[in-house]
Amino acid sequence: MAKGILHYEVGEQVDIHLLVKSSTKGIASNGKAFLTLFLQDQSGEIEAKLWDVNQGDETIYGAQNIVKIFGDIHHYRGRNQLKIRNIRPANKEEEVNISDFLETAPLDKEEMNDKITQYIFEMKNPNIQRITRHLLKKHGAEFMEYPAATRNHHEFVSGLAYHVVSMLDLAKAIASLYPSLDTDLLYSGVILHDLGKVIELSGPISTTYTVEGNLIGHISIMVNEIAKAAEHLHIEGEEVVILQHLVLSHHGKAEWGSPKPPMIKEAEILHYIDNLDAKMNMLDRALERVKPGEFSERIFALENRNFYKPLFLK
Amino acid sequence: MAKGILHYEVGEQVDIHLLVKSSTKGIASNGKAFLTLFLQDQSGEIEAKLWDVNQGDETIYGAQNIVKIFGDIHHYRGRNQLKIRNIRPANKEEEVNISDFLETAPLDKEEMNDKITQYIFEMKNPNIQRITRHLLKKHGAEFMEYPAATRNHHEFVSGLAYHVVSMLDLAKAIASLYPSLDTDLLYSGVILHDLGKVIELSGPISTTYTVEGNLIGHISIMVNEIAKAAEHLHIEGEEVVILQHLVLSHHGKAEWGSPKPPMIKEAEILHYIDNLDAKMNMLDRALERVKPGEFSERIFALENRNFYKPLFLK
Amino acid sequence: MAKGILHYEVGEQVDIHLLVKSSTKGIASNGKAFLTLFLQDQSGEIEAKLWDVNQGDETIYGAQNIVKIFGDIHHYRGRNQLKIRNIRPANKEEEVNISDFLETAPLDKEEMNDKITQYIFEMKNPNIQRITRHLLKKHGAEFMEYPAATRNHHEFVSGLAYHVVSMLDLAKAIASLYPSLDTDLLYSGVILHDLGKVIELSGPISTTYTVEGNLIGHISIMVNEIAKAAEHLHIEGEEVVILQHLVLSHHGKAEWGSPKPPMIKEAEILHYIDNLDAKMNMLDRALERVKPGEFSERIFALENRNFYKPLFLK
Amino acid sequence: MAKGILHYEVGEQVDIHLLVKSSTKGIASNGKAFLTLFLQDQSGEIEAKLWDVNQGDETIYGAQNIVKIFGDIHHYRGRNQLKIRNIRPANKEEEVNISDFLETAPLDKEEMNDKITQYIFEMKNPNIQRITRHLLKKHGAEFMEYPAATRNHHEFVSGLAYHVVSMLDLAKAIASLYPSLDTDLLYSGVILHDLGKVIELSGPISTTYTVEGNLIGHISIMVNEIAKAAEHLHIEGEEVVILQHLVLSHHGKAEWGSPKPPMIKEAEILHYIDNLDAKMNMLDRALERVKPGEFSERIFALENRNFYKPLFLK
Amino acid sequence: MAKGILHYEVGEQVDIHLLVKSSTKGIASNGKAFLTLFLQDQSGEIEAKLWDVNQGDETIYGAQNIVKIFGDIHHYRGRNQLKIRNIRPANKEEEVNISDFLETAPLDKEEMNDKITQYIFEMKNPNIQRITRHLLKKHGAEFMEYPAATRNHHEFVSGLAYHVVSMLDLAKAIASLYPSLDTDLLYSGVILHDLGKVIELSGPISTTYTVEGNLIGHISIMVNEIAKAAEHLHIEGEEVVILQHLVLSHHGKAEWGSPKPPMIKEAEILHYIDNLDAKMNMLDRALERVKPGEFSERIFALENRNFYKPLFLK
Amino acid sequence: MAKGILHYEVGEQVDIHLLVKSSTKGIASNGKAFLTLFLQDQSGEIEAKLWDVNQGDETIYGAQNIVKIFGDIHHYRGRNQLKIRNIRPANKEEEVNISDFLETAPLDKEEMNDKITQYIFEMKNPNIQRITRHLLKKHGAEFMEYPAATRNHHEFVSGLAYHVVSMLDLAKAIASLYPSLDTDLLYSGVILHDLGKVIELSGPISTTYTVEGNLIGHISIMVNEIAKAAEHLHIEGEEVVILQHLVLSHHGKAEWGSPKPPMIKEAEILHYIDNLDAKMNMLDRALERVKPGEFSERIFALENRNFYKPLFLK
């Protein structure tokens, strides 16, 4: 398989297919139009400028088109840029598909689905189990495709499901060390906590926020869904309120979007598990691109810190 | 009618019936039990100590009993206290009822109900009108009885309905000056914004928070109720999301319990109307007890400020 | 009348007179000078670049000149820009006046003056009335011309007076619902609260801050003016302190520039009325440019939120 | 002279005259009235309880009376208390005066007055000199008597003048090391910065805030005074604005009560000099009562820190 | 073994030995001295008042004495209190030891020591291993005895070692799920992070802060110790700086006492592991005392939240 | 000597040698490379663009080369820029040295060294004196060369020593007015407080942070150095802890990088002296470039304020 765009060094020549992730028109100081392109493959994305474009170019090189590019890598303001020497649309015979250019979770869907099904199977409280199973079934197709966010962490195809699977394993490991934790609540909380994102976000490609996502948010969306599921399944009892609370409070603080802070033990731990998995994902991805003895780029969602890779770590 | 307990001056003698609002046992330094009573009538409440009590006294002078007290008013740490010289339970022949001792909204229920019905009648958007009417009908009985809060503002019988009626009049006055405001959204937002309190709070007397109130809160409770109402009435369309947003955002900021800030114009104004009416209620009640040239007590919900009543205002 | 510059669509041709609001020289990457122009008419303002200018151009196309432009509208970084194809100074015969290009309050000065005079006439406390009338007379000419701010809200000719008139009507409506409010204090507070802006700001066109505005600020300037007015009118008594307090505290909190928070009831409400009118002005102006189903630009003075215009509102 | 009340050890007997600083009535658990007295002499103040008092006692032992007390020192909740065994009003023959019991600045008034006069004499800018001299003359009598605050620092008779004299010496020392500082502005800023306290506070004994102090504050009061002084002396020019700015900004930040932060160099340094002298005063007074190897009480105005006196400092 | 003092119900009679944890003298309103005692056994502590004490009693019932008490349990201001009917010092024949009354970690020292030794044995980097082993040996005796804090979490004998052992197991479980984590750094960071507490705190009983603890703090103390250990062992290289950074940053933010935030991946995760284990300890201890359907007391170190124990959890 | 680059007016011609401080490559909109140069002499630095460069140019005009430039001064976005008309490397015969272009402290090293030696000589406590002398000797060479920071204040050759000398003089002046201050602690605190910067920073030219500087910081570095010095000199006793505390706390608050706030009097004053000297340095340098009646640029480290130079100050 071709080398990913992120693995080219400054000065290297590039001659590969890439997917146009976004394309924005600007006017240069000479009065002519140009396009700022973000081009991606599975390794990540890179910026490029296309100068002196006409109206046709705007369409041909718009978002979600695949292009063939010849050029080389420059360094500009602390980031790599791709200098385009030649560009053309991919043609039919080249047999390239959008999915070949999208970053995807490292586990495949069946495997993830099996793991989650197994965790649901292990639940002992029938109310919690039925609500969880019902909601996962209702939104399962999108759940398996969506990213966990538009940026920051798990922002790739199936990122939502992958985040949930990692959190389930983490929940199991922690609960085995602290046996006072209720695994039904932890597992159900993990599975449902971000499920509202399938309504908050537009989908797995060029992800944006929906109107409902902007005005209500994935937390309140899922709290509503739990209420409706309970009504539909004729489930009454404190489990409904507790599951709603787990989802409601998983951001940890009002300032971070949770109208109530965690007030049951498993809600507090769920918040921690969510954070820990998201941070590991961000740290691994940032440090992957860094050599020992160097600092990473600043990571916005980690208070804009940059992280150092020690020399003695291989 | 008898003079209210709050209108007695320091040094005056008291010989009236009062309702025990709360009764807490303590142990004095001489080892004997005593009760700290909060006694109320419609004018407000006052603290009193009952010394040297036995187990029977704890029952007889427990919360929600009516008592006859002879005593006088002292000043202690900046507040009036009632020094009990004689106390006994009210007897049957005295024909006193709990409701005679509870502070109640200055408008009666029929009048408030008529006003609210009229505002709903004026709505033009049928989706908004039907959801509002459905939810008010579903929770109408409690809505007419409940206070708007456990303390700070409108913390009296029917305080919730009274707060809503005042806000509706204010909404109408403001909308007539700023005609770009949509009155359907404003009126519906006003009526629904705090309606979740009938589930969040325990009831009109000795009000506390329910488990659901603590873990979910009145905002999310009502957002759920709107979702269920829309499903039940087969209403789809943006009105549902917008009404949910109005309720969700009415505290104005994440730190104040709204997971989303106001993002439509009427939501922003609803937040203002809610605040303005709550503040007027707090200010009027605090300044009522103050003479020109004096400062009020510090008002916790107004950043602990104390307010001055100018000398030249009668 | 000609179509306002803000009402042209992207791609449309433009051939109109505009006023140069500001003109800033830069050096392009080819080493030649260019001007960044902000051009305005009563509908608003638009940015344009004028390339390859010489020293004479800097003068001819400097601020407060009127120009005739032929060009078209582009979209650049989320905002419209005017691409200049031809530009020349307006000539005498075209009979264009600066005032034709300035955005102005929707009420004319006489009407606003009459309304304010009427409100002063309704005051019952002679001290309050005389101080208010004296200061309005002293600064009346500028008061009728100045904007209420350099940006954010009411930033147009006579914006200050228009803001005051709207607030007076709002004060009257609110006071009629909450009769414990003293209208003398409210009306005087409204009229005086921002009057110091006639010293803080440079004037109605290309408004900037004066040295006194920067170092002292309109709040303290007006508190001084009230002190001097009282001395001049031989008025003593608490009214002077209270009026100073109303002005001093109208920003509500120390962090927002008020050295004392509101500590009388009318000061608290004045702060609310000021905010409500400013926000309505900002919201109306932002949403005017937006179609149903869209979000407005982010509004800096509203915590950088963007606002949604629901689909079902016409 | 008698040993000061603060210098008695726990367990020691006391038999001295003290001034009643404040006297507050309470009701004990046995139903009888008692007084909480704060008693002072020049060394400081101590709390005492007087049990079983009658109405006459309230008058005899009210604030600003001198009493003769026999008792002993106890330790209670981290502070010393005076246990009263015998108390009586001082009698005529004992020839005790209130001023003998008040803490006073360590310099006498003439000395302080001479120093300040000398600093004014050294000013070179006539506008600054005349305004400073005029305002000091106008408020000089109170200035020489008032404390600098009700608590925290320089809260003793003539504390205001003493604080100013210390700051003037500090200003001179700093200006000699940083010759770009303008001494006229520094000296005038020092003299005027807190002069508004003679209107903000009630006087040198049992100091409280006046209504004007509460609603306007000493900063705005003095800014007004400078405006009136300039008008009276027919002084125009930037000196007036700059002096107002020095006073206005001397608390350093909006949150600390300055509507504008320092925006001229001498204003920034004035803020520092004010802080440094206030902190030295607080630290010296707190550490005076502490032995090497101990921590002081927590000092509220120093972020509630407690300070350690190293063992190796004598 | 006798029932622990925390397991008595309100109204029950008590006739047991207890250890005096602290004893503070006060003066009652009748002028007589009393003692406020905190009495403890391994189940926890309870408050009691001892009235009318003489000087001998202060010594006999001072801290770290064992007493025999007959009395009963009362409820006072939301907490249980022990009402003393009879109290006497324990006598020799009763064979009671202080250690029988102290709460201790649930694992014994040998077991904890073995586990930690095993983790050190597993380290692969010799520099990290040697520094860790050296410092643990140097401070091992205190490390095995000290609590992890004076209050909030693991505030019992050997709490520090127990906290470390739990964190090591957690670190191992997490590292097995995220294999990019370096276990040498994690294990060493866990073992050293709080080791400075053996200098910061006074010891395992009646724990207070030392002067060095107050002025320098356990974080900087241990950073110094690492520097000295490296010098002593002649170790140079980045491992020294990285270990210092792990300790330095483990509070996560400047506001929480870390002069640098975590800037290597294992430092970030160490902070999380520390928090997670501390919170589990606090939550388990708070919820142990609560029945299903109830809320716990407010937990200060968890932002003063109280936690709910769901009804459906046994 | 030649006129400094900062003293040229807009429009003036320039024909001088300058040192390249930094050189960053960019790609212009025409696809050609250009360099953004920061050029400096002792008066300060100026930006310039060098268009159409080839690979050789990048080396010739890289950082730390001296160049001869002919060009003129433009004004661009509120700052001066140097427009290059001709540029060439300096040649051997021109006898220019890097040190001629670096801003340097206004005192020479010998003079500064003598002053500091004298202050150490005046110390009376032998432990404090020996530790101070030892550490200054150990790091003396770098101490005399390093800047005090990479930007904001004293960011020039020998800036660290110059900052220390100014602070020593200030400490002496303040201690003479407040004789309770211990000059040994003050002088030692001043000398040691920033000495860790010789390890935190890379050196006097093109200063950056070292890895140890980033991960540990100059405060903790110097605390370690004091610990090691004490061990080496066999000094025990509270002086060691107190000196560590002085360094540790000199940033004043946790948020500003001090893990402990000042808790001894001299630590509090050291923090003040440090601030005062840094601010005077920033203010003098910012106002130097401003004419009376103008505002300075915004100063980032002074909360982004801009400062006004009054008209009446020459």
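Here the chain labels run A, B, C, D, E and F in written order, and each chain numbers its own residues starting at 1.
We adopt the following convention: a contact is a pair of C-beta atoms (placed from the backbone, for glycine too) under 8 Å apart; a residue touches a chain by one contact, two chains touch by 3 or more.
Heads up on the chains, UniProt names are A, B, C, D, E, F = 3'-5' exoribonuclease YhaM.
The structure presented is a predicted model; accordingly, all values stated were derived computationally and were not measured.
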Which neighbours do chain C (3'-5' exoribonuclease YhaM) and chain F (3'-5' exoribonuclease YhaM) have in common? A, D
If we look at chain B (3'-5' exoribonuclease YhaM) and chain E (3'-5' exoribonuclease YhaM), which chains touch each of them? A, D
If you average the Cα atoms per chain, which one ends up farthest from chain C (3'-5' exoribonuclease YhaM)? E
Looking at CA centres, what chain is most distant from chain F (3'-5' exoribonuclease YhaM)? B
If I rank A-B and D-F by number of C-beta contact pairs, which comes first? D-F
Roughly how far is chain C (3'-5' exoribonuclease YhaM) from chain D (3'-5' exoribonuclease YhaM), going centre to centre by Cα mean, in whole Å? 45
Centroid from C-alpha atoms only, then distance chain A (3'-5' exoribonuclease YhaM) to chain E (3'-5' exoribonuclease YhaM), rounded to Å. What do you get? 40
For chain A (3'-5' exoribonuclease YhaM), residues that touch 2 or more chains besides their own: 29-30, 211, 214-215, 238, 242, 263-264, 295, 308
Please classify the inter-chain touch graph. Allowed labels: line, ring, star, complete, other. other
Can you list every touching chain pair? A-B, A-C, A-E, A-F, B-C, B-D, B-E, C-D, C-F, D-E, D-F, E-F
Would you pull the chain E (3'-5' exoribonuclease YhaM) residues touching chain F (3'-5' exoribonuclease YhaM) in the complex into a rising list? 211-212, 214-217, 219-220, 223-224, 227-228, 231, 238, 241-242, 244-245, 248, 254-260, 263-264
Spell out the part of chain D (3'-5' exoribonuclease YhaM) that touches chain E (3'-5' exoribonuclease YhaM) in their complex, as residue ranges. 28-30, 34, 49, 51, 74-77, 81, 83, 293, 295, 308
Listed in rising order, the residues of chain B (3'-5' exoribonuclease YhaM) that touch chain E (3'-5' exoribonuclease YhaM) in the complex are 25-27, 29-31, 211, 214-215
Would you tell me which residues of chain F (3'-5' exoribonuclease YhaM) are touching chain D (3'-5' exoribonuclease YhaM) in their complex? 125, 166, 169-170, 173-174, 176-178, 180, 182, 185, 237-239, 242, 261-265, 268-269, 272, 275-276, 279-280, 283-284, 287, 295, 302-303, 305-313
